[in-house]
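Going in written order, the chains are labelled A, B and C, and every chain counts its residues from 1.
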């Protein structure tokens, strides 16, 4: 079964528990959004899922094999990770940046023909072909974010794990990015995103996981996960979910007496 | 078999007098100019043309000089090179590889060693008799500078260039002893030539302080200690005299002038105390 | 490599060949090509026994330092990283001095070089550990400067404690490097270590590129950061240690060369490695020729010439960086 699974995941940072025994199952062809308040452990969960962090207890399996037994290169070919606001240390151009996404595939000789084709494809998908020769540090926030997404796509990964990918994007580009994730999932990629904005989550995700204080509060198809009870527990707000034209709308009415667990 | 060969070989070696001698050290320069023919000396070290580091004065400027790199030395086509420990190891190794004859000399710490260096250099350049003459002059100068029998010894300190005090077991130390002084450096726990704190000096001043005047145009930061106003407070208990710095660099023929100067200083110091 | 990078490499190699010829001719004694074939000419000995080793050593040392600087900058994402500026060379000198003067019978060249390489490794490990703590550009450079100062003081201390009447001039020799009068023995000795070190560093290209995105993203791209760190540390230690053991500290090569080449070959770290090696050789050989061409007084030490070039360069670099990040 080609799935990414977390079994009994437990992580503590600096003595404090961040993830307290999570069991989650992810499928390819789906967009999963992980939402929750600050400090809920969303980024930590994502780090474990892509093999960057070793959990204190439990494990992550990819296609039934423990993730950490995969060779780093092999793992990197299957799972692409997009961290929150990655740095780009040098004044490279967009094409070179996207080319870095081919790192798990290239050898000592650098990019080959296949690699260049993949880079071009990634640029096209993110609408960045016209920017190929521009220096990354000359791009606007939105263009830069799209270039970084293109980098993640250059490897044609089975799984895309992105931590807050909408940071710095304006409404229009947020829409574009979400549409892109949707399309990727339709093509068979397993997309797992952590998102701050619930409306975006509802918009593009097939499944929403609400995480608070290292525990799963809700795990259900899209809007079903965001019931007023869950919102109150997770965020400490009194909210109402109504149907809008493009999808469910969440209105925050005030603070809720029920505190976050 | 080897012994049978040795004598003719040695004789042959002695017979071949070097015609192109290059010296890489200013102290060896000082000896060389006294015992070799002018035509034999192809070059002296560049220090001998530098007024602040030469011991032979204007004489040094009348010879060609070298800056002691292997390239320059090779280009001079010497048949004998005189070098001391100050010469860089890489340069010495390079000369060895190029099969150039290098004779090494140490830093003499006694008059005896200095005289032996004179004899050796004189031998090397084929004028052993000039070596003997020079040694005789050095010994005569030291004898003339020796104090009369039973005369009291004065304690003294010599500041070499760079603010360093000459310690026991050096050439300067023996010079002091033979000209009627006692080197006070030992009293301050100075075991090798090095800097001395003025505090120690003021707490227990020597009877005579000998410090060179830095040559004009050759300032060193380290010499400022000699001009410290604190020394004035010691006043008449300590006799101060100028002792030209170039007399402290080397032995050999320089000992002649050094002995004379020290003798004069002792006489003046005795008079000042009286 | 891109076409542009190939072009730059060809230009640098051509320049290197030209400088080799010039190097064999230049010195206190001008040795034109006609003198090279006349064994009886005294200049023949100068050219083949003195200048050939000196040229080869300049190329080896320059290449090693150039590529080390490029790799260190790539790893730390800091354009101010350089083995000499950050104390690796001074630590290597400290290792060599301690062995030479205080070790029992440590006059064997391979013992001295091993000590130099070991101390260089220690310095690199310290620096990389500091860079890894995400301490920011200024702290990192400061740490390197502190390391350099301490190591330099250590050299002076060791030499002043040793029973060596020429201690002061030895201090100068170690801390202000020179290629003067070196022999083919020294080339034969240092070159294999330098070549090995450069080889290891060239393997880090892929990882250094991935690090452009930061350590987490690089790890997610399948780069084993520990292996990368190890290759870099050992590679830099071998090249710097072996170089310092035979020439003393020669600085700023690793700082200047990648910086000059970045606008020409692109800022991707792996693209800079080979060109920095050749560029470093060109720079050191060129500077050494200059030092020999100046006939005023004693030969200027190469380390001093590089410091005179590199100091203002370092300063200008710092100012331009501040302006960019301010």
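We adopt the following convention: a contact is a pair of C-beta atoms (placed from the backbone, for glycine too) under 8 Å apart; a residue touches a chain by one contact, two chains touch by 3 or more.
Since the model is a prediction, treat every value here as computed from it, not as a measurement.
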Label of the chain whose CA centroid is most distant from the centroid of subunit C: A
Chain closest to the middle [Cα centroid of all protein chains]: C
Between subunit B and subunit C, centroid-to-centroid distance (C-alpha), Å: 40
Rounded Å distance, subunit A centre to subunit C centre (Cα mean): 43
Subunit A and subunit B: spacing of chain centres that average the CA atoms, whole Å: 81
List of subunit B residues in touch with subunit C within their complex: 46, 67-72, 74-75, 77, 85-86, 88, 90-91, 93-94, 97-98, 107
Subunit C residues within the subunit A interface of the complex: 1, 77, 203, 205-206, 209-214, 216-217, 219-224, 262, 266-270
Touch list for subunit C against partner subunit B, complex: 27-29, 42-43, 45-46, 49-51, 165-166, 169, 173, 180-183, 297-299
Parts of subunit A lying in touch with subunit C, wherever the complex brings them together: 47, 50-52, 71-77, 79-83, 86-92, 96-97, 100-101, 103-104, 106, 108, 110, 151
